[in-house]
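Once you scroll down, you'll see the structures, which are given as structure tokens.
Two complexes are shown next, each including subunit A; its partner changes from subunit B in the first to subunit C in the second.
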Partner chain A sequence: MTELPYLSLIIWLPVLGAVLLLFVKGDTAARWVGFGVSALVLVLFAVCFGAFKAHLGEPQFVERMPWIESLGVSYHIGADGISILLAGITALMWPLALLGTWTIVSERVRAYQVFMLLMETTLMGVFFSLDLFLFFLFWEGMLIPMYFLIGIWGYENSARAALKFFLFAVFGSLLMLAAVITLAFLHHQAHDVLTFEIAALYQLSIPPEVQFWLALAFIAAFAVKVPMVPFHTWLPDAIVLAVVLVKMAAYGFIRLTLPLFPDALTELAPLMCAVAAAGIVYGALIALAQSDIRRMIAYSTISHAGFVVLGVFALNQHGIQGAVVHIVSLALSTGGLFLAAMMLVQRRNTWDMEAYGGLWHTIPVFSAFLLVFTLASVGLPGLSSFVGEFLILVGVFQRNILIAAVAATGIILAAVYMLRMYRKVVFGPVTKEENRGIRDLSFRETAVLACMTLFIIWIGVYPNPFLRTMEASVQKLLVQTHRLAESPPAGMTQVSIEPMPADPNGPGDPVAPGDPAAPGDPAAPDGLTGPNGPAGPDATPDTSQDTR
Partner chain B sequence: MNTALPAINLYAVMPQIVLVSAATVVLIIGLFERFRKGIPYLSLLLLAVAGVFALNQLGRGPIAFSDTSPMMVMDDFSLVATLVFIAGAVLTVLISISYVEARSIDRGEYYALLIYAVSGMSMMAASTDLFTFFLGLEVLSISLYVLIGFEQRDAGSNEGALKYFLLGAFASGFILYGMALLYGASGSTEYEAIARTLGEERSDAVNLLLLGGLGLLLVGIGFKISMVPFHAWTPDVYQGAPTPVAAFLSTGSKAAAFVVLIRLLGSVFPGLQMEWIPLISVLAVLTIGVGNIVALVQTNLKRLLAYSSIAHAGYMLLPLMAVSPDSQDGSASIVFYLIVYTAMNLGAFGVLAVLAARGIPCATLDDLAGLGSRRPLVAAVMAVVMFSLAGIPPTAGFMAKFYLFSALVYGGYVELAVIGLLFSGVSLYYYLRVVVCMYMRPAAEVPAEPAGRLSYSGMTALCLSALAILAVGVFPSELLQLAERAVMTLP
Partner chain C sequence: MTESFSYIWLIPFLPLLGAFINVFFNRNPRVSGMIACATVALSFLLALGVFFQLIGLPDGERSVDVVVYSWITSGTFAVDVAFLVDPLSTVMMLVVTGVGLLIHVYSIGYMGKDACCVRYFSYLNLFMFAMLILVMGNNFLLMFVGWEGVGLCSYLLIGFWCERRSAANAGMKAFVVNRIGDFAFILGLLLIFLYAGSLTYADVFAADPAVLAPVITAVTLLLFIGAMGKSAQVPLHVWLPDAMEGPTPVSALIHAATMVTAGVYMVARCHVLFAQSATAMTVVAVVGAVTAIFAAYIALTQYDIKRVLAYSTVSQLGYMFLACGVGYFTAGIFHLVTHAFFKALLFMGAGSVIHALEHALEKGKDPQDLRNMGGLRDLMPVTYKSMLLATLAIAGIAPFAGFFSKDLILLGAFVNAPVLWLVGLATGAMTAFYMFRLLFMTFGGETRLSRDETEKVRESSRVMTIPLVLLAVLSTVGGFIGIPHVFASGMDRFGGFLAPVFSGLPEAQVPSASVELALMVLALLVAAAGIWGAYTVYVRGNRVFDRLVPRALYTLSLEKFYVDEIYDTFIVGPVRKIARACWRILDAAIIDGGLTLAALTVRSMGNAIRYTQTGVVQNYALIMVIGALVVFAYITGYLGP
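On to the complex of A and B.
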């Protein structure tokens, strides 16, 4: 490999694009710049991903420079298996989202592109930071573009929603900031070195009661953004960015809360699991009562976010891998659902389900895509969400059967509210005259949704490349997480020897995570050959290149 | 006749001498009507000269005014402080130019008084004796009394001047009385001598005198930095004063008082730490709380900024507790915060001054509606400043807060840090309201506004402060080192 600083390029290229945008005149040009830059990031990421060595489990492409020496802060970035997957889905979603909202966003287009690009930077920064200070900087800095995105291009009441979101988020983050400073201070006390290196902070031994408070502070920051019940009330007003936030916050849980505070987790993990399970059911029940498509998607996101948290706090290989896969698939399915809904609303200008009906007759292409996203959200085997949800449930099952059972009802409820929405919108006769003349998807829209569909099916049918990418990293993380925890069955060894329950739904069989040499796992690491064939018959060359 | 001059080193007070001469030159030239347009630029030039001089002296070790009785010292601390004051004054002059012209108060005295005030501040920073401290304080205060009331035809300006004068006179009285008590206890007005008295065994009576003296000094200085409960004048005075003067008042004069406070509490009164730490911590939390909570309901922008500046004073009080002989982090973080705060507040008030100079209404939050599309550049500056005041990265405000609260945690005051951080979360609400007004509210009912460009000088100042905020937010190292070096020479 050449020695290009890939990660830095991925992080900072969008900022350059944003600066470039300041000098661009005209909406169309601005759109092209925004799309072009994010596509370039995707290409860079693809190159990076191709060179990524999954079996290492260590951060790779590491760059390190002194930055604020007197505070012990360095510019230290790198990618491990978990972060590269999450960064990957971000890199993929950004050009798609910009392409998908090409005409939907028609006001202040240039500013929209600027803020979208800035947000991509902060997201990538969060995923690649190996320095806690840097992490916090990106984490908090993200609020600014996000605030404007919600406030200016959101829907009704958006200014209020933006403020609400910002306040919620900042209170969480400020508690985390106090904890971050305390961590560095503890490290300074113990080793006489002031540093914010995440890896160095992992090695700290902190008294359990201190850990408890620090962990709570971190959880507060992440729980707001996940969003976990009861910190979710900003979401229905600011759904636009929900999917992005879930990604970040869950990453925060995995990267920081787990390995930093292992002792505190023995107390907190069951609690978090219970709250997450309650959130799953709560979100699903509220989603059931919505007739507004946007609010329904919002509450379904709360429900799905509950799954992610549940998986993380199952504290085992299946749970965490499931959580990461579920995040990726959420971005695709919920993101796709929302994007599709936005396309529909652009045509009809209402979010009310009752205003539609019979779309199958008028816009079949759209309806087909909506079906895919709906079924993916429901968790149909063979589509992406199934893999994540299944792994999470397997993980939780080992911890607590009751919670797993409660969580599983969430899937059933999801089927109810999702299919109800689909029935109202698509099936039946055309009852409203306005729905007759409606345009079907344009080529651009079709391409965006098709691309997402492709990935949904790929992950659903053949998730192994994704699981394998993060496997070593997750294992390393678990070793770290369980280093001090007293319960022996939670050790790393347990992960590889535990009996796998048989999966009746063949295609999604996640046997591979615990065992790299499992059958069905092709020797060639190239996930594009063989099993992927049936999944993506229309795999165009450019998309397959992107994913490598 | 044998009149031997005392062995003094005039070079040690060179920055002050340069500033006072500059002010006097400006004052004299300002008398000539034909030079009126050039006065601000002359002021800028002279301020720059003083600045270059101070910069040149930086890092050359302390030079005392006199070996026998120090009175004043030129060390890195006073030089850095002087540089900050000069930078603040330069920005103030830049935002003043169009403002005072628009209000027809563009007279030479305005700029002369501004520079006199800077010289007073610089004296305060360099003082190592209660006398010189008081001298500097009065030079500063008297200049400010006049500056606040400079808009003679404006009732608010007069009201503000009178309020500031009356309360300022009281504050000076408190400070003088405190000085008298300290002199009574130690037999000297020198900082060193007072510190020595504190280090020795002392009787209860002496102790009482020292405590009383310190308490009265804190009241007086508390007034200058608008510490609760001595803050009541702040919103009225800021609202009434000409906007650039309010900007100067909220940054320079506050910074000067803080600089004195660092020297006093850090080098003179560590011996009484047990007594003043609880006091300051309670007052700091009160200041943060009152400032932030009352700011939530303000609709007048200058009053909002006034309460915000009260809150920021509270943040800056906190690390005073972490100042100890073996750790300079506390005072360094205050110096860093002061620098950043100067840029932020001058930016915020500067936006109002530049808009007001054009006749664009900007008194209340509602006036700002739609500013984002009407005046994109100014609105962007204001947004940067607001995010910085709120402490959101990648702005300097975040770095300053981070450094400040780190120092507090390292000093062992985690609870205070958490309280401070939570209140700074509260503060987001009112800072963001400004941003909401500018970008997310249509300017439907805003009357047709005067067209035309905003003044170049004002925009230069605004862009400078916004760029500085962003630059320091991303690359704070140099400035951090400067702040650390500044406090290194403190005993």
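On to the complex of A and C.
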């Protein structure tokens, strides 16, 4: 790439903004700087996305500089179809979130803007890192802005929430760090080169029992942040972070756990699917018992996160594409729900559902938006979540019918708890005088929610551009993931392959036939290894495994 | 071929456009109704165009897929937004847009003065969009979009007067009960995709039966559970009577003529699959028959005019499923069409009465209670006459529309399952009884209104009565589109039109002409008996049934078999308890408690370390490094030679 270093700009521009903020006086100015910088990132991202070549399926806009040469660490970043979508939703959500919380955060405004921008940097870093060490640094770096953000939001339990979250996170990170070091060590042992290149580490052949423990270490780190039941109890007190963390942790699962430890997945994937399905029902059930809007959203997030994990560990294209779409959709629907709820709470200062009622007639615009986000969370077809959930179910169904059926009960329960909330808050007679004089949404608030609504409808009605963007990358990832697995994971019924006509260029398939990086192209993974990654004996994947 | 129907997307899109305009650009209540009606009228004209274009084609070519764009593509999973034009979808398009148009027009009169009239018409148009997507889609997933979409509009319209708690609750109940059916429906779709590798009708139905054979019963039963939710079949019927909380035109459009028949349409659409599973067919027939008699039995004693009609709808839908279950899919769709005419009319007539009484009755008197009516015959002559025709039609009196379709269903049942035929026959008697009970209590006898009230009762305006009259005409002559074989050979235009759709089915057995005629006479006699019974009790005031029928049977009907109470006790209550237990005990105490304990332990360890360290950062780093080294050592030791 002879053009601008887009990805570095996207990653580091927010840090520049944060530095600039230190010299800015006044809350309004700080807000404008925060919003302006994040909007600029969005513009840069849009340019980048426009130039992205979806059919390639390998990292693009690659930048690479040696960094800590003695350890084999390099500053190596790039974006493939999966990371660009997740980075995209981040780039979109950040200005919207800052605009949406314009007046909601009224104290320590500057600090809020600074830490939000720093968090954007670390998120983008996580998505674009092609070096495991770099990934880990961004991953851990996120704890700092997060710690302060929890404090700024200052909900009643925030101190305890922070403690809980940190202990969980540190515990997970610790295991991950150990696993990261071990991986580099193993690479050194095998090839006499110390490197943290993710692509090179993909090519390692690790004994299955070691893979198992390493995979567990990674899973622990990601499961805490997804969050998966039973590591979820920090979430209800720190819900602000939920949507962000789901994205990151699910990305970790997809980018690292899957392709690094294919053999371990034989044992772990069914287990993960089962836990995820249980989490879907469990989160939904508890959401049903909440009368606090914030906790209800939190538990619904836990339930939805279960869907994401389920899709990832279905280990097929439907599941993973579904999971990525669902992550994007969650950012919009749950993010929107939470943002709308915050706008409401800003007016009335309580999260208790019972304190509302009858809003339909007092603030109709707000009620209409809340309806859209509620329905999106319920998974109404035509809105974004349905596409993700259905693809995930298609993927899991091929693995295990029972687990898919259990997960699908989540859609009944989602209707119950979401509509219950909606009925209590919006429907019914106005019983409290305070609700009568309440202000409807301002232009700024309307614009933010409308923008999210547009994306929710777009993904629901025409998801193919999103699916196409990641298709080649997901296929490549699956080639990698299944490279060593000779047989489908044990304990999973594999009825899918035979009865389905393997016709990737079926009706309406957007991938042009004769695509150079056609799915299953055995040469494809080599493109990922980069100059420093010697192609080991395993470089040629076993393409007999069905990866479509 | 596709080219010739390329305008087809306009049919669902126009009502959507109407909703869009009303939501964003229109604040004028008067205009909103006109926009809504105009878009639906255009859709109706286009649907007529499709119809004439279709009959211009040879029989074999009357099934056309029109792809609009590819919707979801992920590897082997590919679903388009595409429409199927064939006789079945055309019939549905005509019913939905035609009856829908009349109800839209009627709504101008009924809802025109409501403060939220713009919102009402937006929902109504949105519903038309979803319903048309449901019947026009060429694949299961698009059908599901419509399926959920109509459910959403139903939710919004039932809860239209959402400041009433009961309306808000009823809307939610409808959505959730439907979701239970949808859950099964989704599993059915997943199974179909897993085995057939596609969700497009053409691919699935044309697939070798062996492909789906291992799961065909499971697939069809799952789909049917979905249909039971949407079409309010026992035991998922509980939402429909509550749905009467919505405005009455909504009940006519959604909960009588169109949405609730979606399940019947789906079963007919999937007849290829259902026909492969004898078990599924039996289940469909039995559930239909049981629902028919069960709901009719409840309808016998209800006093709310709309609830009588609601249970009647449930019962008539049962008839349609009975027809499908015995392989008479054409009869099921035929009854769907005639039922759309007369049931929409009945609801709109009831609406007309309610509308008049709302203004006339004293405060506190329920304008929907039959006990507050009576003697309205002369005060509302148009409403009375059109409802009389509709009542004759639903009671199955020749030559009204219901006679032909119900006759065909009973014939099918007689040939294939005589027991179910008996059930159907008994239901016919009950139907005649409760419908004439409703008619007599509303319009007949002495009025139960005070003199002041009587003076305030007015016949509804033209905009409401003209649709009534049009539907009354259809209810009267609509049956002649399907004249039975026994009267005139080759005059069953309806069956002939649908024949290409159902051509793959085995030839239906037909009994001799004399048996068929005997069955008809029997059905007429039974209906007449029902009418006579209602006449005796509600016009002549003879309390003969009070002596004959045990009190318990009456209470059971009046209390609707306590189904809601049973669900509350055995399902809703326990789920709530489990949810609370999960939260309070499992989540808060055990999981969080355990983890907090662990956390506190770590923190005290951390505190211990802090005594030897200076700052938090180092503390954090130290723990990490130590831990990492321990794990590292463990794993590498594990590796060691």
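Miscellaneous remarks
Criterion: the second predicted complex is superposed on the first by the 484 of 548 C-alpha atoms of A that agree within 3 Å, B and C clash if a C-alpha of one lies under 4 Å from a C-alpha of the other, contacts with A are read in each partner's own complex, and residues count from 1 in each chain.
Simple rule for what comes next: a contact is a pair of C-beta atoms (placed from the backbone, for glycine too) under 8 Å apart; a residue touches a chain by one contact, two chains touch by 3 or more.
What you see is a predicted model, and the numbers here were worked out from it, not measured in a lab.
In the superposition on chain A, A:L163 makes contact with both subunit B and subunit C.
Residue contacts after overlaying the shared chain place A:F218 against neither subunit B nor subunit C. When both complexes are overlaid on chain A, the residue A:V387 reaches subunit C alone and has no touch with subunit B. Touched residues of subunit A, counted separately for subunit B and subunit C, are more numerous for C.
Touch criterion met: A:L71 reaches subunit B, while subunit C stays clear of it. In the overlay built on the shared chain, the residue A:I181 is in contact with subunit B and with subunit C. In the superposed model, A:P429 lies in contact with subunit C only, and not with subunit B.
Once the two complexes are overlaid on chain A, the subunit A residues touched by subunit B in the first and by subunit C in the second are 163, 167, 170-171, 174-175, 177-178, 181-182, 185.
Residue ranges of subunit A in contact with subunit B, taken from their complex: 67-71, 136-138, 140-141, 143-144, 147-148, 151-152, 158-159, 162-163, 166-167, 170-171, 174-175, 177-178, 181-182, 184-185, 188. The touching residues of subunit A, when paired with subunit C in their complex, are 163-164, 167-168, 170-171, 173-175, 177-179, 181-182, 185, 207, 209-210, 213-214, 217, 229-231, 233, 282, 285-286, 288-290, 316-318, 321-322, 358, 360-361, 375, 380-382, 387, 390-391, 393-394, 397-398, 401, 404-405, 408-409, 411-412, 415-416, 419-420, 423, 426-430, 461-464, 467-468, 471, 475, 495-496, 499-504, 506-510, 548. Per the touch definition, subunit C reaches subunit A in the complex via residues 67, 69-78, 80, 141, 144-145, 147-149, 152, 155, 159, 162-165, 167-169, 171-172, 175-176, 179-180, 182-183, 186-187, 190-191, 193-197, 200, 211, 575-576, 578-580, 582-584, 587, 591-592, 595-596, 598-599, 602-603, 620, 623-624, 627-632, 635-636, 638-639.
Residues of subunit B that touch subunit A in their complex: 387, 392-394, 398, 402-403, 405-406, 409-410, 414, 417-418, 421-422, 424-425, 428-429, 432-433, 435-436, 439-441, 476-477, 480-481, 484.
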